[in-house]
Every structure is written in C-alpha cells, then in structure tokens.
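To keep things simple, chains are lettered A, B and C as they appear, and every chain counts its residues starting from 1.
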C-alpha cells in the first residue's frame, strides 16, 4: 500500500540484560527482546500491548536509540538508525519524539515550563528567542494549557497537566511520530479520558503517527489502527485493531482479552462493563 | 530554592554561624581602617613596646616585635577568608567538572577517573602539601619567585589546596550524575538529541547543586585549617604579612613570656572553622527532606 | 569463604598494588619538584668542584638520565630493599626510618584506639535521643574537635599542662632511660591532642550512622515485638551502622597521619611525620621519598583492610551475591 518506507521499523531486534549480580555471583541473562519486528507507517496509530515486564518499554527505548540492541536493527525511513550521524541523526531525533510514563520524573524540576517545552527548539537551533516564545505559547495552548504557564515551575502542576506539558514538548518541533510509553498509567481515570481525547485530536491536527504502548486494552481499542501484542519479549500477534480484538489468532492474545476488564469502549463477551 | 532558604533559616545555629562569618568578613574588610584609626600598621615594629598588655593604643596588646595584635588579627582574617573562599571554590569547580565528566561518560572512563581520584585521596595530605609548598617553581617552568610575596603566597596556597581538595566534590558529583542520569527527564533530553554538554550543564548540574554548595561550605573550613597549618610550619604566608597561622609560629618560643599571644589567633581559627562547619551542616540539613530535628 | 569472596579479595589486592605502583611514580615526581638535586648540594658544600667533576658526579648518580630511567632504576632498587642513603643522617634510609616509624605507630595506634573507645559508645548513646541536651553536647564536642587546628590544641595543652601546671613534659619520648612510666608521661599530651581531633571526626560519623539506622523500619519492627531499647541498640542497630562507619574509619586514617605530623612537630616527638618534614626542609630526597611512600602505603593498606572487612561483614556479600 505504501510506496515510501515506514517511519519506524524494527527488524529482528534482540536485547539481553545481565541481571544484577552483586559482587560475586555471575548474573543470569534476561532476554528482554527476542527477535522483535514491528512497523510504524506514517499517520497510523500502532498500539503495543502486553503485561508488565513484557519488554514494551525496552522496545520503545531501542526504537528511540536510547538503548542499543544486541541484534537486529531499527530503520528510520529505511535507514539504520545506528548508522545515523550529524545532521541525519538530528533529523531523526526531531522527527521521532517520546512521551514518558511518569509525568513527575520526565520534566526537569529545576527548569521553568517554558524552557522545558522550548528545549527541542534550542537543541535544533530553531527560531530566535521571540519566535521560540511564540511557539511555546502555541504549543501550550494546543494541549489545553495557558501561555502564561510557561513561567511557572513543573511542581506547580498536577500529573495530568504535567503530561500535557510533556506532550507539548513532543509536539513543538513538528515531529512525524511520537512514541508514547504508557503515558496515562500514572494518571487518574478521569484525567486519562481527557488526555486520550487530547491525543486523538492532536493526531489528526498534526498528522502524527503514534506508537502507543499500554497495558490497557480499552485505551488501545479506542485509539489504535493496528495492534501488536507482546509477551515476554516476543511479538505474538500483529494486525488491524478490529481483527485482533475481534478474532485473535494467538492464544495469549485471547487470554489477555478475556482477563483484563475493558475500559469504557463497548462490551466484550463475558467482560466487565 | 525558596524552600531551601526557609529550612535553613529555621536552624538557629546555622544562621548564627553565617552571621558570624559575615561579621568577620566585614571586620576583615575594615582592617585598613582600624589600622589607620589606631595609627598602627600591620608591620609597624615597635621594639620599645613588646608584649604590651591591652591598652587604648593597642586593644589586644602587642606581639614579640611590638606590632599591634588586633590589626594583625584582622589582616590575618583577610588571608584566611580569602584563601578559604578561593581555595574551596577552585576545588569545587575542578571537582564538579571531573565528577560530571566521569558520571556522564560512565563505563571505563568513569572507572579510570574514579581510581585516579581514589589514588589522590590515598596520598597523605599534609606531607603532600609540604612537598608542594616547598616545591621549586622553576622545575615546573614557572618563573622563580612565583608564589613568593604576599599576593603570590595567596595564589600558591590557593593552587595547592585546589590540587588536593577537588576529590570530595568529584566523588559527590559523580554519584549524583550517575543516579540522575537514569532519570526520565535526562532520557527525554537525550531522546531529543541534547549534546552531552547540554545534559551536563542544563540537566545534571542544577539538580546536583544543593549538595555541591554544602560540600563547598564545609571545604572552606578545611581550607582555612590547611592554610593555618602551612603558615604555622613556615610554608604558607610569610611574615611580615599576617596570617593566623604564622602568628602562632613563634608562639611556642614565647609560651613562657606571653602565653596569651597563642590564644587569639587559634581561637579565631577555631571559631571561623566551626562557623563554616555548622553553616555547611545547616545547608545539608536544609536539603534533606527527612531532616531529623527540622526547625529548632 | 566462598570462591566469590576469594576472587574479590584477590582483585582488591591486585588493584591496590597497581595503585601503589602509580602512586610511587607520582611521589617520585613530586619529590623531584623539591629545589635542587643531590649534586647541587654537593656543589654548595665544595666550591672547588670543576665543571668536569660535576658532569662526572651527575653521571655517577645517574642524574643525566631522563626521568623515566631514573624512576625505573630507583624502583628496581627499592623493590630489592635498597632505598638509598639519607643525606641528613649519613646512614641508609631504612636504618633511619625504623625508630621513627615505630614511634609514629605507637602514637597513632594509641590515639586511634582511644578515640574509637570514646567515640563509638558516645555516638551510639547520643543517637538514642537526637536533639536532647546530651546529644547536643556530644555534637558540640565533635564540632569543636574537628574544627580545632591540631597544632593550636597542642600548644594550648602544653601551656596549660607543662608551663602552668608542670604536670607533663612538653617534648621528646622519654625513652632515654626514664622507664615505661616516663615514656607514658611523654606520650600523654601528644596522644590527647591527636585523640580529641580524631574522636570528633568519628563521633560525628558514628552518631549519624546510628541515627540513620535507628530510623529504619526494621528497627521499629523489632521494637514493636517488644524488645527493649538497649537490646535493639546493641544487637541489631549497631552492627548495621558499623558498616559505613568502618569505611569512614579507614578513610580517616590518612587524616590521622597528617594530624600526627603536626603533633610530632609541636611536641618534638621523633616520628615519621616529623622526619618527613625535616627531610623535605633539608632537601634529603631519599629520606623524604621513602617517608612519603611509607605514608601512602599505610593509607592504602588501611583502605584495603576496610574494604575487606566491609566485604566480610556485609551479610549480603558473604552469602554470595544472591539478590
């Protein structure tokens, strides 16, 4: 269907960690990612679901080039990200942004909100001071905050608001894709719905691709075009959202669907309301 | 920052110490004024009035060469405070840079730097300082007479102190850098392509600033002690320039004739260093969210 | 002892040896910074030396070699036990150092032991009631101890006890023939001087380590089970608090040596510190080098001992790394 290469593609990615061994005993290896492959095309929302410890966050970090894979590679528009240097690397960093799970840890407590949101602009050398201030104001407003909030410190805001700030920071350099690592797990239920709505709107208005990592199937259902299911470092099933949710192929996926109460969107067979 | 000041101001001992230090600094700055008021210069020798007791002309008496003790004490305060501040700052800056570098780089670089730091810590301090103080500048390619004379002496001691004093701060900063590095806001900056330099100075340093400040305050006290020992041994500030340490150098010989002369400089050293330590402790306690006694 | 522990010990010992080697180079270079060199001093002593003589002397002493080969030569000799001769004493360095080393060992160990005996119980006791009068007094005492210039303390003690009261002697070791009691009398003031400072240092660390430990949940759990405060303190809290204290104690060893140097100078006590000072002032390269080296060895050995002790005592490590 697509002629241009997908924004992000992981091929045969493997990552092992040595378990903390203390001083003397040899640690065992834990395979966090085993031969993982996924594809994120332009403009689509791919949900990556799985229980805790399945390796989702590790995959996110490998995709963002924060962690180096032991095997396999990650392609950005067809180019191996490990080979990127200089201006190409910066282009990648600008095009693919990340929103983290913990809104209380992902913002530098010593900086003002304005400086936090403006950081991508500063790093990529975009605009002068006046220009940046305008962009920060616009970014804050697009996530539902006020331009005046730029002067305040992060600790003055609630969890939901901080996550909005993180999203504003991710948007400000006009990326093509955002990797969101469980962006709502740390928030209250009502706040979750707001953020979900915001993300949905932004996806359309900014024409973004999302890699949405979550353990909450209801959220995945509400947002995703395609779904990938992860279990203990393996991708066990991929496909269009309706297909996977409607008729899962893999037994693990079926168990997942049956066991976890679905939040809000629609009724499932035998599931909780 | 505001909470820090608030918590600090709640500790009476720390605030009192800070006040004392400020007062001392003001008096030291006013030393020339006092000298002029008493009509006695720091080096004014008056052999007819040696070992004089307290009087209107000499509020604290005179020393073995008839020089006014009060004036010399105040000039000595200048030396101690100046060396203390400059030495501690220099050591802090060096230590911070080393610690940031090691903590950020991680892996082998970090290991090597830390081994080097441990090595420097392992060197016995005073013997090392003595060797450094007695060193011949020409062997390092510096002009002879470098570090002699009053300004030169200050500079020399400052350099020596910075050369050995950076280790504490380096370890501190490295530890902070290692733990901060894993925090998500640092990862976020990395994900945006922030350079190592940017991460070090915009993200790591401001979040490690508190402990650095506390360590620097404590370092001031240590530097003052070091300077006084070196001057006492004749390797620091040379007479006729006054330093609390060199005022005590001849005190041993004069124990029988004027024991009082041995008390003032030492007392001042003690008071100043205690003040530095208490203030430094106060900063540390203000930083600790689980302060044991909190406000007095 | 499991294999893991043995590997650890071996690794640490090897590491220490490497650091020691590097430190020997550093010390060698530092001593080289001292004014003049052995031949210059000979020239000063004998103005009849011609430039040819000087050249030959330089060659004989190997002073015309580059720094590296001089260092290697010295290292080789040192490892086979030859540390050269002392200029000041006209005897082999090792002969000269012996008695000094002994004296300093006596001074340092007695002071160290005393300060541990005072600081540990005091720190533990003060930690029981943080903020109380007793605790504040102990804290004040500790502050004073660490803030006081050691040499001034020595002076004051001399003035009070030797000059004014004539109770104790102000200098020397009294080994010349006054017998054991006289030796002890001579030791008292230096030891007290050194102990006060060291006690202050240790007291602060013991106290804060104890407070930190007592705050932890496991202590409250034990107390909730009905154990008396004393039992909790000595059986459970203290061993846990001792771990960081041991590290601190070993690290403070270097500071103890510096304090000893000053103390020996004040009291004319013939120890290593005094020896180093005199040799540096007197441009006695070999002696200063050897002295500095021994001091470094001692400090490194103390650090190594602390590491090993820590590893041995920490039950997590002893059991073998299972986490």
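Here, a contact is a pair of C-beta atoms (placed from the backbone, for glycine too) under 8 Å apart; a residue touches a chain by one contact, two chains touch by 3 or more.
Since the structure is predicted, the reported quantities are computational estimates derived from the model, not experimental observations.
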Check: interface with higher C-beta contact count, A-B vs B-C, is B-C
Using only protein Cα atoms, the chain sitting most centrally is B
Taking each chain's mean CA coordinate, chain A and chain C are separated, in whole Å, by 56
Per the C-alpha centroid definition, the whole-Å distance linking chain A and chain B comes out as 49
Distance between the CA centroids of chain B and chain C (whole Å) is 22
Per the touch rule, the chain A residues reaching chain B in their complex are 61, 64, 66, 89-90, 93-94, 97-98, 100-102, 105-111, 119-120, 123-124, 166, 169, 173
Given the complex, residues on chain B that touch chain A span 183-185, 187-195, 198, 202-203, 206-207
Touching chain B in the complex, chain C uses residues 15, 19, 22-23, 26-27, 30-36, 130-131, 143-144, 146-153, 155-156, 158-159, 163-164, 211, 215, 251, 254-255, 257-258, 261-262, 265-266, 273, 276-277, 280-281, 288, 291-292, 295-296, 298-300, 303
In the complex, chain B touches chain C at residues 115, 118-119, 121-128, 130-132, 134-136, 139-140, 221, 225, 228-229, 232-233, 245, 248, 251-252, 255-256, 259, 262-263, 265-266, 269-270, 273-274, 276-278, 290, 292-293
